[in-house]
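Each of the next two complexes has subunit A plus one more chain, namely subunit B in the first and subunit C in the second.
And then the complex of A and B:
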C-alpha cells in the first residue's frame, strides 16, 4: 500500500514535471516564432531601403551639370521621363531583375504639384501611387501565388526634382513600396 | 540507509529546481538584456534621411520669394540684408520670418518642407540655424536633442550643411533626427 502511494507520488511528480516542460517548450516556440517574424520584417525593411538607395544613386536619373557628373540628392525630371519610357520598353526585362515586383514613385511636396510648376514632368492622377505622384515603375506580383507577396514595406527618401529647362528645383521624396 | 537515500533524492530535486531556474534566467537574459542587433540598420537609414533632407531642401527654389533657393534665404537671414522679399499671406516677408516664423508659430520650413515629410513619417526632428537662434522642430512634446537621448529617444542623428559666405565665414544648418 505504502509502495503504491509512493509510486503514485512519483508518477504525479513526473506528470507535473513533463507538463512544465511542455509549457516551457511551447513558450519558447512562440517566442522564437515572433522573433523570427520580427527578423523577417526587419530584413525586408532593409531590402526596401537597399532598393530605395539603388534608385536614389542611379546615374540614369541623377542630376548632372557641366563637369559635375553627379549632383547629390537630386533627380533630373527630363531623365526621369526618359527613364520611365525605357522601363516600360526596351529596358523592361533588364530593370525587372533590379526592381522586381515593386512600385517606385516620386511625390512632390513643394511647390504643390497641382500647380504644374515643373513643366517637364507629368504626374499620374490614377491614384495608384497617390494623387499627383510621378509613377516611375510598377510591376504587380502574380495573382496565382497566394503564399508570397502579402506584405509591403515602404522606404522613403527626400530628393530635389530639377527641371533643366526652367532651371528650377522642387522638393520631393522618393517612395519604394517593397512587396514580399 | 533509508534516511540517506531520502536526503539524496531531496538533493536531486533541489538540483533539478536550480537547473530549471538557471534555464529561466538564461531566457530572461537572452530576451531582455541583449540589445537589439538591428539598430544600426535603422540608424543608417535615418542618417541618410537627415543628409538627403538637408541636401534636397537647400537646393529647392521658393516660388513666393522670387524663386530664390532655400540656401539663399538662409544666407539672407543670417546676414540680415533683407534683399529677398517674400510674398505669402501666412508667412513673413523677410527671409528669417518666412523660413522660421515667430516663436511657436507655423513657418514655411515647418509647414511646407519638414512636416509633409519627416512629420508624416513620424520622425522627431529639430532644424537649427544661426547658433540655435532659429529653430524649426516637430510638434511633439519633447524636442529632438542630445539631452533627451536615453530618456525620451533611443538614438539621434545629426547632420550639418555648411554654407560659405566668403571671407572665411561659414553658416551651419543642423538637422537632428531622433527615434
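And then the complex of A and C:
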C-alpha cells in the first residue's frame, strides 16, 4: 500500500513535470512563431523595397544622357509612356518575370497634376492609382490561391519626372504595391 | 521473507520506472535540441538567401561593385535546365528552387565555401541594357593558359585578370601560364585546395583542345578533384574583349580527354566574364538569351521614343531620322528572335561579321548621332 502511494506520488510528480515542460515548450514555440512572423514580415517589406529599387534604376525608365551618364532619382516621361506600351504588348511575358503580380505607379505631387505641367505624360485612373498617378504596371494575382497573395506591402520612393521635350521637371514618388 | 521479496520487486520496478522516465526525458530533450539545431540552420540559410536576394537586386541597381558574402557554409546550386533558370540553397528544407526572374546571373553550378564572391558589370550596346551579376567562390580555382604561338593571347590573358575586381583573388592573383598543347610540356602549376576547377584556354583552335589524348601533365595539379569537378573554356583565336567565340568543355571519366559541350559567343567584356564564370553552358546561354530579349525591348523603347522626338523641328529632326533608319531597326531585327547562341547555323562561324554589322557599326553610328543631338541641345535619343 505504501509502495503504491509512493509510486502514485512519483507518477504525479512526473505528470506535473511533463505538464510544466509542455507549457514551457508551447510558450517557446509561440515566441518562435511570432518572431518568425516578424521575420517574414520584414522579408516581405524588403522584397517590396527591392522591387521599388529595381524599377528605380531600370534603364527603361531612368533619365539618361549618353552611354555612361545616368541621372539618378529621375524618370524620363517619354520613356515611361513607351515602356508602359511595351509592358502591355511584346514585353508582357518578359517583364512579368521581373515584376510578378504587383502594381507599380508614379504619383505626381508638385505641380498639381491637374495643371498638366508635363505634356508628355497621360495620367490615368483605374481605381488603383488615382487620377493624379501614372499606372505603369499592374497584374492581378490569381484569386483561387487560398494562401498566397492575401497581403500587401507598399514601398514608396521619391523621384523627379523629367519631360525631355519641354525640359521641365515635376516632383513625384514611385509606389510599388507588393502582393504576397 | 515475504516482505523482503516484495521490497526486491518494488526496488526493481522503481529502477525500471526511473529508466523509462529517464529515457523519455532524454529523448524529449534530444528531440528539442535536434529541432532547434535544424531551425537555427534554416534561419542561417534563410539569412544567406536574403543576403543573396539583396545582392541580386543590388546588382541590377549598381554597377562595377564587388562584394564578399558570408555563406555560413551553405551551398547554393544554380541550374538552367530547359532555360528555366533557378537556384537552390542547401540546409533550407521545404524551400523550393528560386527563379532568376529575368535577372542575368552567371554562376557555377555549385557555390561552396566560407564566402561567395559577387560582382556586377553593366552591359552597354551602346546604351545600357542591363547589369550582369557574376557569382563564384574563393575556393573555386581558375587557371589561365594561353597559346604561346598567338601573339595577342598573353595580352588577352592579362586583360582578363586586369579587369577583374581585387576581391577576385582566385583569378587575379594567379599566374597565367603559356602552354604548348602539342608538346604537353609539364607546367608545374602549384596544387591548392579547391572544390572545383576551371581551365581558361586563351587563343587555341577547336581541334587542338578536343584532340588532346593525355591530359595528365596539364591537370596533375588537380589530381585530387573528381573528373566532373574540372571544366574548361576556350576563348578562341581571333576573339577580342568586345566580342568573340567560346567553347565549353568537360573532362572524360579517365581524365584523358576534353569533350566539347557547346560552342557559343559573347558580346562585350561583360559577356566574356559571363562565359568564364558559368561552368555549365546552359548557365551561360540561358541568362544571355534573357539579356538579348531585354536588349530588344530596350531598343524598341528607344526606337519609339526617337520616333516621337522626330516631330521636333530641324536640326534635331535630322539626327532622329538618321538614327531610326537603319540603326535601331538593324539592332532589333538582327536579334528578332534572339539567336540561340549555340545552335543557330546563321551565326555559326560568322559571329564576327554579325557583331561588326549588327552591333559595333550601329552602336558607333548611334553614339555619333546622340552626341550630335546633345551638341545642338536636342533631347538625346538614349
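The criterion applied here is as follows: the second predicted complex is superposed on the first by the 174 of 180 C-alpha atoms of A that agree within 3 Å, B and C clash if a C-alpha of one lies under 4 Å from a C-alpha of the other, contacts with A are read in each partner's own complex, and residues count from 1 in each chain.
We adopt the following convention: contacts are C-beta pairs under 8 Å (C-beta built on N, C-alpha and C of every residue); 3 or more make two chains touch, one makes a residue touch a chain.
Everything numeric here is computed off the predicted structure, so don't read it as measured data.
Under the clash rule set out above, the superposition-derived model of subunit A with subunit B and subunit C shows the two partners fitting side by side.
By the touch criterion defined above, A:94 reaches subunit C but does not reach subunit B.
Computed from Cα centres after superposition, the angle at subunit A between subunit B and subunit C reads 100 degrees (steps of 10). With both structures placed on the common chain, the touch criterion links A:7 to subunit C but leaves subunit B unconnected. Of the two partner chains, subunit B is the only one that A:157 touches; subunit C does not reach it. Applying the stated contact rule after C-alpha superposition, one finds that A:46 touches each of subunit B and subunit C. Within the superposed three-chain arrangement, the count of touched residues of subunit A is higher for C, of the candidates subunit B and subunit C. Contact with subunit C, but none with subunit B, is seen for A:65 once the two complexes are overlaid on the shared chain. By the touch criterion defined above, A:180 reaches neither subunit B nor subunit C. Touch criterion met: A:79 reaches subunit C, while subunit B stays clear of it.
Using the contact criterion defined above for the overlaid structures, shared-chain residue A:110 touches subunit B, although it does not reach subunit C.
Here the smallest spacing between CA atoms of subunit B and those of subunit C, following superposition, is 9 Å. Touched by subunit B in one complex and by subunit C in the other are residues 39, 46, 53, 56 of subunit A. Residues 3, 7, 10, 14, 21, 25, 32, 39, 43, 46-47, 50, 53-54, 56-60, 64-67, 70, 78-79, 82-83, 85-86, 90-91, 94-95, 97-98, 100, 164-165, 167 of subunit A are the ones that touch subunit C when the two sit in their complex. Across the complex, subunit B meets subunit A through its residues 20, 23, 27, 31, 38, 41, 44-45, 48-49, 51-53, 55-57, 59-61, 63, 67, 69, 112-113, 116-117, 121. Residue ranges of subunit C in contact with subunit A, taken from their complex: 6, 10, 13, 17, 21, 28, 32, 39, 43, 46, 50, 53-54, 57-58, 60-62, 99-103, 124, 126-130, 290, 293-294, 296-298, 300-301, 304-305, 308-309, 312, 367, 370-371, 374, 379-380, 382. Within the complex formed with subunit B, the residues of subunit A that make contact are 20, 24, 28, 31, 39, 42, 45-46, 49, 53, 56, 72-74, 109-111, 117, 155-160, 162, 168-173.
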